[in-house]
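Inspection log for the structure reproduced underneath, given as structure tokens.
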Amino acid sequence: MIRKIIAFLVVFYFGYILYSFIAVNFPFGERPLKGVAAHYVDKGIEEEGATNIVTSIVTLYRGFDTLGEVTVLFLAATGLGLLLAGMKEEEKEKPEPTLIMETTTRYLFPLVLLFGTYIFIHGHLTPGGGFPAGVVIATGYFMMFIAQKQFKPSEYLLSATESFAGTLYVIMGLLGLALAFSFLANVMPLGVPNTVFSAGIIPVIYIIIGFKVGSEMTGILAHLKEA
Amino acid sequence: MAMFYLLLLLVLVGIVSFVLGPIKVLRNIIAFLGAVTAFFYFLTNIKPGLIYSLNIRVYNVHFEAGFSSMFFGVIITALFIIFLIASFHEENDGAYYLFAYLTLTGALAVLFAKDLISFFFFFETMSLFSFLMVLKGKSDTSFRSAFKYLVWSVFGGYAFLMGTFLKVYYTHSVMIGDISYLAGGVKLLILILLLAPFAVKAALMPFHLWAPDAYKDSKDTFTVFFSGGLSKIGVFGYFLVLFKVFTEIAVKYPYFLKAFAWLGAITAALSGIYAFMQDDAKKLLAYSSISQLGYVAVGFGIYTHFSVVAALFHALGHAVFESLLFLVVAGVYYRTKTTDLRKMGGLIKRMPLSFIGLLFGIIATSGIPPTIGFPSKWLLYEALILKGDLLLTSLVFFASITAFLYSYKLVHGIFLGKLHEEHKNVKEAPLGYAFGTVVLLVPLLVLGIIPGLVIKPIDYIVRFYLKPELGYNLANMNTPLGHVNFPVVGLVMGLTFALSLFIYLIAGKSYRAEQTDNYTATEAIDEDFELHYAGEFYGFMKKAFGRPLTWSFEKILNAFLKLFSFLGEVARGFYMGDARVYLFYVIAFFALLAYLMGGKL
Amino acid sequence: MVSPILVIALSLFFAFVIPLLGMVSKKLPRLVPPLAMLVNLWILITNIKFVSRGAMLVTTAGLKPPIAINLAIDRFSLLFVILIQLIGLLLSVYYLSQDNRDQRFYMLFLLNILGASGIVMTGDIFNSFVFLEILEISSFGLVASKKDRKALEGGFKYMVIGAIGSSLYLLGIIVLYLTTGSLNMAEIAKLMPHIPESIKLFAALLLLAGIGVEVELFPLNAWAPDAYHGAKDEISTQLSSIISKAGIYLAARIFFTIFNGFYALKIIFYLGVITFVIAELAALMQKNVKRMLAYSSIGQMGLLMLILSLVAKRGDVFVITTVILLALNHAFGKGLLFLSLGALSGGNGEYEIENLGGNGRANPLAGFLFTVGALSIVGMPFFFGFWSKISALISLMKTNVIYLIALVLVISLVEIYYYGNVIVNLFRGEGKKYGISIVPAAVMILFALFVIVFGIWPHPVFQIAQSAAVSLIERTTYISSIIGGM
Amino acid sequence: MNGGLLFYGSSVFLMVMGIFIAITGKHLIKILLGIDLFDVGLNLLIISFGYVNGGTAPIFSKYPHIFKNVVDPVPQALVLTAIVIGVAEMAMGLAIVMKIKEKFGTCNIAKLKELKW
Amino acid sequence: MNNLILFMGFGLSLVLVVATFVVWLSKDLLVAILGSAVVSLVASIFFLILQAPDVAITEAAIGAGLTTGILLYAMKKAGRYEDD
């Protein structure tokens, strides 16, 4: 019991320092844009063509971060697969999915996939990009895992799309290096802002990320389901 | 430059003998040649006023061969040759000789080193490879003793390193140079730190704990070099620190020298007592070696001209008679496979040459005239009396009495008394050992009779630092107290010995009785009756000195170990295994630092 | 010239390709890591001549920093990347001999090396956070990949502490971003004098919490003994030789180049001393050799950080050269110790001193290699450790911290005591004989060769370390070569 | 009662409670939940740093855009990455927890103390 | 940020506090996981209020959707009640 109190006191003091520091030094909302952020907001559209500045930052200005982020996801999927390989599955009887669930999910599944693809195709125009789109697709599969009795996406298909999308992403980067001597440079024409085929390689990257994250997350859920 | 090439040559010979490991004959020849070249290099280079410096770019190592390094160099290489010849009889692999050669290189390089860091480098090399030599020892306890030796010698090395850094910090020079001009107590601290490794190497009392086990458990032939040769590095260190590093020590810290002398005397006395308590020949000799080195420390402690000459001469003597004794015991072990005094006895009939070697060895140990032990002991007592410190003199006298006791126990235990059954057909020690014994007997007697031969170079070394008061020529010496003519004294001793031998021979005519031809309390003695009582030889002494001896330095060491294991217990207590506590550490770390830095936040 | 960013891009490419190769044949994935490391090393070596003064700027997204992310590679980071890739190559060759590995293990291993080299090459702090995450997730994944009770427990503890540590690190980055308006290391370093004192200190504390976990400073290194102890021997080698080196680089780059030795290095000084003392004393009490090596590795890291923190007192090239020497000795010496311990115990995981007794005599090569590693770590002459220990003591003396020399020497004596105890025990009595195949033996011998060859003739390593140290010390040239004009 | 207290307050509260749950949780998943809460709180804190009074989202649907008071886009980009990294860590952690349950038979952290001292 | 939104924000922060206490106190892990899903949802709404739509969608999809899914699967395997 004493340990809980001491833990609470120390953690509370940690929170108190944190709060008092940020309240004093970074008053809420009074911080004008400066430095890099101001540049992105002003020249974001001319340089990258995407109306959604956050997307242009995520995919291009800080595209290298996103490559790292995709690697982290890939790493999590592989690590999970490595750890959970060979877990024996106890044969607890799974509750039978009711007819209503089965039929509704069968019809809902393509809609969810459509919604996911919509998100990553319009990544550079509307909020939300490759990552939420991939996750939406994954939740579609997740729904199918729960609802359908024997729904099982092929293991090879998932890891094939995952690797293929990954290699494609790196090739996009190398393309930038080859043509513009700088990794992940925006080499495609920027086109007219606010139209679907605009903002150079951003939609391409988001499509790749969409596929990659979608297949990865489904892979993770599949592993967790069998383990 | 020659000395650097010599060291390189020695390392090469070591590697070659490692590579040629299996081909015994070839390896032995090359090993022998290497040692001989080293010996002759030193012999030919003993010239007064000889100093040449050399700067090798590797971490700017400086070499400088002073006259004293040559003197010690000769001793060490000579003993190395004797050790090599004897070791050819034991079956050793190539690595044994590699480590031996690297130890020798380390030892010789220590003599040459001019700057303190390279001195530490070579000192550590010597300790490391001699540790590996002891590790190759024969018995199963040699692991424990090798480990103890390593820890002690590294302790010495690190004390030296600490002293070096203090010196460099205050004098901004890494060379071995004078520090007596420094202000305050720091020069005493530097002195003690720099002296520590040599006290460990020369087994001065509080630092001697490793010596008995290490000497006992290392290979017999190596013990000859180990106790005879390597301990000379300790003596060289005394000379180096007390003269080159701290020239005005007599003026600035006379009480330190007095303490040093007392420490030497206590070492001599106490290890003498321990010596005659031992039942194992090698352990007995180990303690006797420590005790003799104690005399050397007394000599340095008194710090007058001929006390230091006596100390250096006694160091040379120690190298001669101590290694002779170890060589003989090694020969006996080679034949009888035991060094336990209780199991031996009556070997005089089977190994007469070894007996003669041992006899003269113990005569020298006790400091009786014709042998090399006498002049140094005599000079030492002269210096003690002139110094006028009577209490110290009496302690040193008492210490030399113990020398008699353990010497007699040794010769009685091994050679006199009843010959055991299994030693009936034991042959004389093999050629290698016999050769070594004879070779060592020569200087033992020659230098006993005409010590001037060696006093001249030693006096030359010491004259540079202390006002000479000793008149000497080849055969005799005169000091303020009196005059002695060594050949005459030796002659008188020889005559009395011959006379008593003659009386013994003719008197014994009446009836030559076999040993077993006697009776005790009406009981007839058959073959296996235990006539030989080497075991409890000084039982009564043990009862008399028993209790103070139980208090040993081991207790301090254990206290230290207990302290460190308590600290270790506390230290590892932090890692209690629960991930949540570790998480708490991270947050507490941040909170604590933020609190401490509160003012600036 | 080949842009060094390919080191990261190609490693990632190979990582993505492994599953495709895995479908073709089970043998191929094993060959990918060594191939990837070789290519990386070739790229890096061809770039050595382009990195002379200051840092080589490699831009991404076609824009100059601070707008976009960039890699900043000066001689200091080049040395660390080459070291990481070299040891990665040696370890990947070591894995060639084990054929029952799941292909995903090789992907994790490759990504781990990628994360470490990413940290060392990047010039952007948020990017270093992402690579730090890659490094930590892959390393606790590798630790747990042995899937037995000890490995899982070690992996879980590493994961929990790593998660919190990196979150605090992220908060520190954000605080720096809010005050300087940029995420580029050089720009932040340039604007550092204008930041108010209290914000600078708070950011330093946060970053210290994050990096402290990676560099195993005292309160934050509680995970390390369990992670080293639980993991397989090669993974412990990787932990001690590669991952901690990336942590050292990050600490040097952030607390010296960016903060210019602000409070953080003073705190690291005291933490380093505490870590060194506590870890070595704890190692004294260990009955399990692997756990003892873990504590000794933490102790060495504590000493290393202690020396690194001296650069604040007197920005001396010799101090950084010593840090590099200590890092090299720790990487090769400690790596050799873990690998040879694996060979000594036949990989079946019982590392108690008693049941290792005599194994040194039974398998002589592994015993000899273990002794070489131990003697080098302890700092015996004729081993590389001697030079690093002596220069450590000299740098302590140069920065007038004399009393610390005594402490370091006493603790080194403790170190020799417990290492000597293990070595002596290895060669006593009869041990069990374990076969050792050619490839692992060759790798271990290479580790040992570095330690012995440069122990006898340390001059070339001194030159390299010196030039790398110069480029770290010249903070302003680093900044001006990245964002032009101080 | 301005927005700062709300957002800073709730994010710091989340971080504090997250850490507290992680420190005092008995079940392994409870500890991971605590870390997840800490990450959510941290992300909320970073985004609330980026907020500018009266600013709108950094998406300019109409072209040519007229420069309006816009919220700082950079923290949003960083948080996007941080969220994904958080979930990746969570997935790995849960994989380890499942294996621990299989090997140790229990998920109670108190039983997970074989490696100590 | 007008007062209505602020008022709604404080209401939501109460939900947040309650959800956090649920996560802390509940012995049944299912309830705890759902509590963390609620927290993630409220956070997603806060992101909307703070003009960060991208992050809101991502947090909603990943925080509420995926993390909860993964946690549920893990709970299925790793035991539902706390003190077993």
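We just call them A, B, C, D and E in the order they show up, numbering each chain from 1.
By definition in this document, a contact is a pair of C-beta atoms (placed from the backbone, for glycine too) under 8 Å apart; a residue touches a chain by one contact, two chains touch by 3 or more.
All of these numbers come straight from a predicted model, not from anything done at the bench.
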Inset, instruction - Moving only from a chain to one it touches, give the least number of moves from chain A to chain C. - result: 1
Legend entry - Steps in the shortest chain-to-chain touch route ending at chain D and beginning at chain A: 1
Legend entry - Maximum centroid distance from chain E, chain identifier (CA atoms): B
Inset, instruction - Taking each chain's centre as the mean of its C-alpha atoms, give the chain farthest from chain D. - result: B
Inset, instruction - Report the chain closest to the protein's overall CA mean, measuring from each chain's own CA mean. - result: C
Legend entry - Contact-richer chain pair (by C-beta pairs counted) among B-D and A-B: B-D
Legend entry - Rounded Å distance, chain B centre to chain E centre (Cα mean): 78
Inset, instruction - With chain centres taken as the means of their Cα atoms, state the distance from chain A to chain E in Å. - result: 19
Legend entry - Separation of mean Cα positions, chain D and chain C [Å, integer]: 28
Legend entry - Gap in Å, rounded to a whole number, between the CA centres of chain E and chain D: 10
Inset, instruction - Mind pulling the residue numbers of chain A that touch at least two other chains? - result: 7, 11, 14, 21, 26, 29, 31, 36-37, 40, 52, 54, 58, 62, 65, 68-69, 72, 75-76, 79, 83, 87, 127, 129, 131, 220, 224, 227
Legend entry - In chain C, residues with contacts to at least two other chains: 126, 130, 133, 137, 141, 144, 147, 156-157, 160, 164, 178, 183, 198, 202, 225-226, 282, 285
Legend entry - Junction residues of chain B, two or more chains touched: 572, 575, 577, 579, 583-584, 587-588, 590, 594, 601
Legend entry - Pairs of chains satisfying the touch condition: A-B, A-C, A-D, A-E, B-C, B-D, C-D, D-E
Legend entry - In the complex, chain C residues that touch chain B: 156-157, 160-161, 164-165, 168, 197-198, 201-202, 205-206, 208-209, 212-213, 219-220, 222-223, 225-226, 263, 267, 277-279, 281-286, 295, 375, 380-382, 386-387, 390, 393-394, 396-397, 400, 402, 405-406, 409-410, 412-414, 416-417, 420-421, 424-425, 427-429, 457-459
Inset, instruction - Going by the contact rule at the top, pick out the chain C residues touching chain D in the complex. - result: 126, 130, 133, 137, 140-141, 144, 147-150, 152-157, 159-160, 163-164, 167, 170-171, 173-174, 177-178, 183, 225-226, 229-230, 282, 285, 291
Legend entry - Residues on chain B engaged by chain A in the complex (per definition of touch): 584, 587-588, 590-591, 594-595, 601
Inset, instruction - Under the touch definition given earlier, write down the residues of chain B that touch chain D in their complex. - result: 572-573, 575-580, 583-584, 587
Inset, instruction - Would you pull the chain A residues touching chain B in the complex into a rising list? - result: 7, 10-11, 13-14, 17, 21
